[in-house]
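In the two complexes that follow, subunit A is the common piece, with subunit B as its partner first and subunit C second.
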Partner chain A sequence: MIDPAAVEVALPRTDVAGTAFRPAQSYWSESWERLRANRVGMAAGGLVLLMVAIAAAAPLLAAYVVHHNPFGIDLYATFSPPSGAHWLGTDEDGRDTLIRLVYGAQVTLTVAFLSVTVSLLVGGTVGLIAGFYGGWLDNVLMRFVDILLSIPAIYLLILLTILQPKIGPVQLSTSDPRSLAVIIAIVSWGGLSRLVRGEVLTIKNRDFMLAARSIGASDLRLVLRHLLPNVLAVMIVAASLNVGAIIITESILDFIGLGIQPPTASWGNMLTNAQTYFYHSVWLVVLPGALIFITVLAMNLFGNALRDAFDPRLKS
Partner chain B sequence: MLATIPTLFGVTSISYFLIWVTAGDIVPGVEINPYIKQEDIDRIRHNLGLDQPFWLQYLNWLGLPNLAQQLHLIGGTWPKGILEGDFGRSLVDGSPVIDHIVERLPNTLELTTTAILIGVLLAIPLGVTGALRRGSKIDHALTAMSVAGVAVPSFWLALILVLVFSVQLRAWGLPALPSSGAYSPLVGFDPLDRLSHLVLPALVLSFGYLAIWSRFGRSSMLEVLSQDYVRTARAKGMSERRVVYIHALRNAVIPLVTLIGLELPALVSGGAVVEIVFGWPGIGRFALDRAFGHDYTAVMGIVTFAAILVVLGNLLADILYAILDPRVRYT
Partner chain C sequence: MSEPLLEVQDLHTVFSTKEGQVKAVDGVSFELNAGETLGIVGESGCGKSMTALSIMRLQRPGRIVGGKVMFKGQDLTRVSEYEMREIRGREIAMIFQDPMTSLNPVYRVGWQVGEPTRLHNGWDARKAFSSAVSMLGRVGIPSAASRARDYPHQFSGGMRQRAMIAMGLTTTPHVLIADEPTTALDVTIQAQILDLLRDVNREFGTATILITHNLGVVAGMCQRLIVMYAGKIVEAGPTADVFAHPKHPYTWSLLRSIPRLDAETHEPLKPIEGLPPNLVDLPSGCAFHPRCAFRVEKCSRDVPALLRVGDTQQAACWVTQSGTELKGG
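On to the complex of A and B.
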């Protein structure tokens, strides 16, 4: 028998008055504070937001600021250098470069964020299921991912864009940004699912999972309520680091003529004929690529900042 | 390692399924010719094996029945398939796809191996410099360069380099580098000419590798420099140069070797985009040309070929790790 009074004496006093102690903070708000302290990351994130805002405001900019529309052909003013009428000059059909870049941002960013969402949904679901259930299901799903990742991405993309297969009721076609996003997602979800599966494997045997299971939680509840919140951070970081790669992939497809088709402007297809502009209109070669570069750079820096914020151990 | 075989089967069946659902049982041009009788169409379809069920078509495409027949396991006559190096014929010119691949493969390998070599030879010294002068201006510049290197689209970098080294140099009356192709058509074989064509594509391709590898080399070197044996070497009075270049560097390079091994599968497909921009007569350029020509069987053959090489490349890389690092063992 232990005398409670003796324990009381032996234990250090815990009710010291005036101790400065931090209120309990959730993982997310703690991460947000770390992210906010990262100036480079916040600036990069702000730049991405600015790009999104400009892309969303494209029709307003066309009507009230630039006073041109992206399809307005003016054959009297082809290849005119930057001037008061055309701030960033015109292209081979006399179309205003600035407004085409703005509308191109709309296409590129739509494809990038949509594609990353789709691949996150598919890859996340497959990864969660494979990791949670294990066994033959895990084996089958992961072998399928192996197979998918064995086909070089650029060739798979060429194949999908020329074959334009029908998936259920949806006819994929590259003239539509949403289809293109799906095609790119088909190629890019594999890596995400591997990552999520690996993360699930490290979490699923932790004590809290066992506890939830032992009080009779259903599989669905276990996955959605206990597993998902714990892998969400990894998924968000991986997705944000993927956006840059997807922007590059999309612009490559547009550039070689398999992606968004003219006259719709995209940063990639504005460079398709760039080789013929070398001698007279260098801005047409430099500007679209520079925008791709800056956007991808900002997105990557923001993704790195997110990673550092969510998991300070990984900080490089 | 045995997982390689099902993966190969999976890759080929996915490729075959894709082509089958889109253009599977069509004999191009025959159905729209009003002067061809139905029985002729049926005969052509029968001769091409298009009236057979999907699974048999797939096995034929692989060449399994022919192999079985060669071994006197089954009778009949069967077409050759992928297992015997027959990747089908082009829809456009009827020539065997494998001939086109074999013709272009050396060009592709020339480009990718050069790029990887440049990447390795530059990445190691840059990474070591960054690690040894951690926090210095050089280190920051190198870090910035590698962050930018990952973000720059390779095709745009190619355009800019052509703009500077081919267009502007010529405009200033200086010797310029050629902007496309692998050789000058009228010169014949001339090593210098080939080399000058190789410079720009190889530089563009190596830039991507350089960005990743130099960063990795830096962190690997930093990690090694903080190890106990490096401290021991310093403590016993060894010269700094010897510590860095004999003890640290060798150990820092090992993880880099594994990273470079990961690029083994990319030897065939990694340079596709650069090939396309520079008109380099490799497999990637060929695939795109045929894609625009709606030559499905040719694209199919290339995709299958590249995927098989990727799987084999992965296998080879795994084996190499096991040899290099005895701690790696397969169960």
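On to the complex of A and C.
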């Protein structure tokens, strides 16, 4: 005799419908979960956001909180140490250090984020095209990048800031943060394009690209809808790690007098005369330097956290 | 019989490599009729996948250097890339071997299954998604409405292959090319997917080209069968006849090498001697002759053409064309 209960068990289950249900989690939301769990990374990201907020609110701070403006010369109060009137002291012209640092943040952060955006756009596009099409186009583009990367960046930067070339209707000039951002981007997109190209090469031969082609997707659609979302994470991580390097580059340019020109304040040019004043007005050296250090460190920590969150090799 | 739906005539696809030119597809001709299931069988590297990709013009980096692919009065090897894109996914759909990597990991399954209808029918995202949900239901995805919101990594291999089939069917194409659709799946899932393909063939009237190295799959699925070796068709005919009386020694060896449950316990398996040929440097004459148990002197000298042998079959073999039966243990 066959036990009916045993038969019951052996029959295929028809009610499996709901049993396998899990909430849908995308690559992006999973990465966000991981990022949120990284306390150092989140703190660093928060610090960067705070800097951006302070820089954006610079005019408000000048008018309602600090009650100084960054160009307000007061020759009776040069080199005054931190006090009630000037919370972070004054410089050789009696200008308020705090508000100059806030306006300097505006310059530095504008240059950094704009520059990284431009180099992402240029480097990303070149990398996508070179990797996707391959062949002679890849060769031409990548040899150009090789040449670009072989010229010392500082030499190229000095050349660009001195020549101040005209690109279309835009005159690149170093007194304008936006121009400076473009100049730095011209020097820094090469590495990004190589990175993106390498990533594209590994992804373009995956089966889902062929599958997308087989349903009639055009090249443009393949690149923008299927390839780009798969390399975006790598691009974001590389970009965030680049921000710190760009801040340093910008500070160096300002410091050697090729970047943002006085009287516009930037963290870099605030350091320019600092060595002369170091012995009697130490805050003029320490404050801009510390801000550069903290911002770059925060950006790098945040970039590392992003990498850990996105990196598929660390995924379970 | 009416006009065939798809007619491949003397197709040649080559690759350029450092060692020389590889003739991946070397003069392949066959017909596919509306509603039928045609099997293409052969070892890895015999050109069966490349034949399928060439039909879709997805053979890159290979090049089609000769022949025609006639479909609805057009030669697909000559239409513009734009026209070809309109045919891919709308008229001819393809399913790939490895369902684990055939879906884009960053998109929800429903989005991807609906993509062909967005491309070809001009449907908006919502309409495409709801059609994807109903198609996922029809290919046997339980609670399709919620599973369509999942990402590919949340699907099992069998479910992904079902999703791929659903994606192929959303535009109700006339031809479905399944390239080793069950090879990457485990045996129980294989049977389910084959059942599904059979149902699809019956329900939608989609003509199917089933590419496989598994003769058992062909036996259960296909009315007709093509056997390929080294880029050429070596035998073609109705599945039952080819299985009963193979007319090419390669087919004969393949059928003999299948392990049988009714064999004697200690009877050793019978592999085909030798290795598949190097496609850059093919043997002279018939490419199979170094491994052939029936070879005669002529085989190493002249290339046999694919000719009628028997009532229903075709074979490219000097031995059977001269009337010899393939026998022996």
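As a working rule, the second predicted complex is superposed on the first by the 290 of 316 C-alpha atoms of A that agree within 3 Å, B and C clash if a C-alpha of one lies under 4 Å from a C-alpha of the other, contacts with A are read in each partner's own complex, and residues count from 1 in each chain.
As a working rule, a contact is a pair of C-beta atoms (placed from the backbone, for glycine too) under 8 Å apart; a residue touches a chain by one contact, two chains touch by 3 or more.
Since we're looking at a predicted model, the values are computed, not measured.
Shared-chain residue A:218: touches subunit C; no touch with subunit B.
In the superposition on chain A, A:208 makes contact with subunit C only, while subunit B stays out of contact range. Using the contact criterion defined above for the overlaid structures, shared-chain residue A:33 touches neither subunit B nor subunit C, since it reaches no partner. Between subunit B and subunit C, B contacts the larger number of subunit A residues.
After overlaying the two complexes on the shared chain, residue contacts for A:230 are found with subunit C alone; subunit B is out of touch. In the superposition on chain A, A:144 makes contact with subunit B only, not with subunit C. When both complexes are overlaid on chain A, the residue A:155 reaches subunit B alone and has no touch with subunit C.
Contact with subunit B, but none with subunit C, is seen for A:257 once the two complexes are overlaid on the shared chain. On subunit A, the patch touched by subunit B and the patch touched by subunit C do not overlap at any residue. Looking at the complex, you find that subunit C touches subunit A at residues 56, 58, 85-90, 93-94, 96-98, 101-108, 115-116, 119-120, 142-143, 146, 149-151, 154, 164, 167. For subunit A in complex with subunit B, the residues that touch the partner chain are 143-144, 146-148, 150-152, 154-156, 158-159, 161-163, 165, 244, 248, 251-252, 255-258, 271, 274-275, 278-279, 282, 285-286, 288-289, 292-293, 296-297, 300-301, 316.
Residues 16-18, 20-22, 24-28, 206-208, 210-218, 221, 226, 229-230 of subunit A are the ones touching subunit C in the complex.
Residues 3, 6-7, 10-11, 14-15, 18-19, 21-23, 147-148, 150-156, 159-160, 162-163, 167, 179, 219, 265-266, 268-270, 272-273, 276, 284, 287-288, 291-292, 294, 296, 299-300, 302-303, 306-307, 310-311, 314 of subunit B touch subunit A in their complex.
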